[in-house]
Amino acid sequence: MKAISVEEAVAMIPAGASVMVGGFMGVGTPERLLDEVVRQHKTGLVLISNDAATPGKGVGKLFDAGLVSRLTASHIGLNPKAQQQMLANQIAVDLIPQGTLVERIRAGGCGLGGVLTPTGVGTTVAEGKRQIEIDGKAFLLETAVRAQFALVHAFLADYLGNLSYALTARNFNPVMAMAADTVIVTAEHIVPVGVIAPDHVVTPAPLVDYLIANE
Amino acid sequence: MKAISVEEAVAMIPAGASVMVGGFMGVGTPERLLDEVVRQHKTGLVLISNDAATPGKGVGKLFDAGLVSRLTASHIGLNPKAQQQMLANQIAVDLIPQGTLVERIRAGGCGLGGVLTPTGVGTTVAEGKRQIEIDGKAFLLETAVRAQFALVHAFLADYLGNLSYALTARNFNPVMAMAADTVIVTAEHIVPVGVIAPDHVVTPAPLVDYLIANE
Amino acid sequence: MDAQEIIGRRVARELRTGHLVNLGIGIPTLVANYVPSDIKVFFQSENGLIGTGPIPEQGMAHPHLTDAGGRPISALPGACTFDSAMSFGLIRGGHLDVTVLGGLQVDAEGHLANWMIPGKMVPGMGGAMDLVSGAKRVIVAMQHAAKGKSKIVRKCTLPLTSSRIIDLVVTDIAVIGFPDGKAMLMETAPGVTVAEVMAVTEAELVIPDTVPEMTI
Amino acid sequence: MDAQEIIGRRVARELRTGHLVNLGIGIPTLVANYVPSDIKVFFQSENGLIGTGPIPEQGMAHPHLTDAGGRPISALPGACTFDSAMSFGLIRGGHLDVTVLGGLQVDAEGHLANWMIPGKMVPGMGGAMDLVSGAKRVIVAMQHAAKGKSKIVRKCTLPLTSSRIIDLVVTDIAVIGFPDGKAMLMETAPGVTVAEVMAVTEAELVIPDTVPEMTI
């Protein structure tokens, strides 16, 4: 793990990169990283996040700035800008059931090729997917998802990079922290080693590549 | 969640039941429940556990008492009695890679039909299994595993049934607590509601059916 | 009593002590207000919490503690938090006793459509498909009709949320179940006749000999 | 220096600061003793711990803190614990930089057999198959021969642990790699000649022009 500035961290992300961003309706999203992505105007991003948040908040900022070319999410209904950009074909959108989305990301992080889920069988979600029967019950084969970068927000990070999360700000963050080539983390508080008890660490330090340092 | 005596809890388990038991080499195993299973002499058990522990410890006690008819585990090499019973065809043994075993149990608990794992491709483990290619890479389709009962050991249990675990005694316990029809828990300490902080609960209370009460 | 309160009160009567329950956005959210004080249920918010409490008092909201719509909530003693993989493991794995969702259409066979109107409203399904596929019981809480048009239809024309048959629909005028895969009128709202329900319902309803009045 | 120390010291030189490393039971466990003090690695124990420390001092062992063999260990500051699903997510997901395992046979193509001897030893594969399938680098640490028989064989006769080609074998007399899928002699132990290694190796070895001596 390396502690770096937010400018340096975002400079590593090329235009057009695939980027997972933690958070759920802007809760538990690494806002400082997104502000810097906007400032450095990283265009054409392939975004993977639970939702599109709302304008001005969380990943919503990326739609405000027109930086997203493709979105994989479970819900975008509360962001009119993302909806407009989708309907105007400015961004391609893959809408995926939330439980399927998180399992696909988990599979990507855990070295699984995919999972079999009952969700979506018999609906439009099943179109183009392999359907597999197990003991007479139908499941969709949903494949693993990974990204080049994961932008993660934690509550506590220790000097080694161990992370813990607070309340509902945990959401997709720990799963995404396993599923990208490069994991960049912001934390509410950076604390000495040992402040987070071993049983309370949610994301082990070796998963974290970069921690945004205090200024 | 209902608090009951260890005698009542074990009395619910019929002979021949499928039973998942948490623990790893006897660490984090609900010993009080196993002692009572032995005392009530529940025969013909279909046991699912990471390993066979050692004679006299953890699930090893079940082999000492000759109560196991079938075992699904990843390793039994440190229990000579289990090995003897396997070689004498007294018990049927399915040996499964540890990471595959835990994912199969997790799938059972999470409503997935199975997962695709690279582990075992090209080995004897692949025999009789569906092999699925994703983007040119081969995976084995490993199906979900569930049991009638899960016997789980926690460090803390609160009055509602929220559980937390200590150090390496966590292992298979939280995953098994999701994958059985009836979940029975022993805890090192039963504590008031609120003693386990929300972010530190590992097994949510609604998953627990029975907690073994203090005497 | 307005339509929403009738629905909320009637759905609340389906809950039992110990149930793990997920309430969708809109009318379903109101159910929490009508749970009898002797019934202790666990409410799950799919963004990662069991034990949701009411809106916090002025000045106590925490930005890290919200419902699935991003609105501040509180947490009751004994609450627990987890990541989205665990949250949907609970939902898809059959650990959720009851999910209460809104609906756009429910058809005579018990299918639910509630996540999109092609060409008009494409917000994404969020957690709805997992909830309907995975919960032990699925209860749809919605107005019986919208703009004078029955939402209990012969056959869903909107994309389905799941191929799974739902368990119960509670509307402002009726309770409908699906024994044997056919819509059956189970109860009517106070002051509403069976004939009145039939008149505003597109789907054919099985009508038992006696249709009791909702207790709310 | 005995055979095990040679192997342990040489494998330790493969580790880099920041690496996440899993050490198997037996000779691999010894590697931890020889990591240079300026190299800070994370050791994972697959039963659910990163940050394993040495055997605790007398009276300090805790029954809930053991290695994968069930023996008491300690945890270093900054350690973290997790369940078995997470442990194997780390292993299978490519987050483990190095796994060091014992071996029964390694063949000329780089295949490893280390988990059973049909009819004789059927202990189960434990985590070995996931470790070999998932780790970024697989290093086998073993004696070059057992009972006078080469363990570096032409073709594995025992059941394979994985179809994945391992990266390095470190024995008491040689280091062998598998560039282009063929066993190549990379280094010899101090005082051991290339001819001596070839004489006790069943597999055909590619011999480069210069074969340096191990630094240990």
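We call the chains A, B, C and D, going by the order they appear; numbering starts again at 1 in every chain.
Everything that follows uses one rule, which is that a residue touches a chain if its C-beta (ideal position, glycine included) is under 8 Å from a C-beta of that chain, and two chains touch if they have at least 3 such contacts.
On a predicted model such as this, the values are computed, not experimentally measured, just so you know.
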| item | value |
| --- | --- |
| Graph separation of chain C and chain D (steps between touching chains) | 2 |
| Between B-D and B-C, the pair joined by more C-beta contacts | B-D |
| Inter-chain centre distance, chain B versus chain C - centres from mean C-alpha coordinates, in Å | 34 |
| Intercentroid distance (Cα basis), chain B paired with chain A, Å | 32 |
| Where chain A and chain C are represented by their mean Cα positions, the distance between them in whole Å | 29 |
| Overlap residues in chain D, where contacts from two or more other chains coincide | 49, 75, 81-82, 88, 91-92, 133-134 |
| For chain A, residues contacting two or more additional chains | 103, 106, 110-112, 117-118, 165-167, 170, 198-199 |
| Touch-based graph of the chains, sorted into line, ring, star, complete or other | other |
| Each pair of chains that touches, named by its two labels | A-B, A-C, A-D, B-C, B-D |
| Parts of chain D lying in touch with chain A, wherever the complex brings them together | 18, 20, 42, 49-51, 75, 77-82, 88-95, 97, 133-134 |
| Touching residues (chain side chain B, partner chain A) in the complex | 103, 107, 110-118, 130, 132, 134, 137, 139, 141, 143-144, 164-167, 170, 198-200 |
| Contacting residues of chain B [partner chain C, same complex] | 1, 106, 108-112, 158-160, 162, 178, 193-194, 196, 198-199, 201, 204-207 |
| In the complex, chain A residues that touch chain C | 24-28, 50-51, 53-54, 73-78, 83, 86-87, 95, 97-100, 102-103, 106, 117-125, 155, 165-175, 202 |
| Touching residues on chain C, where the partner in the complex is chain A | 45-49, 62-66, 68-70, 75, 81-85, 87-88, 91-92, 121-130, 133-134, 159-163 |
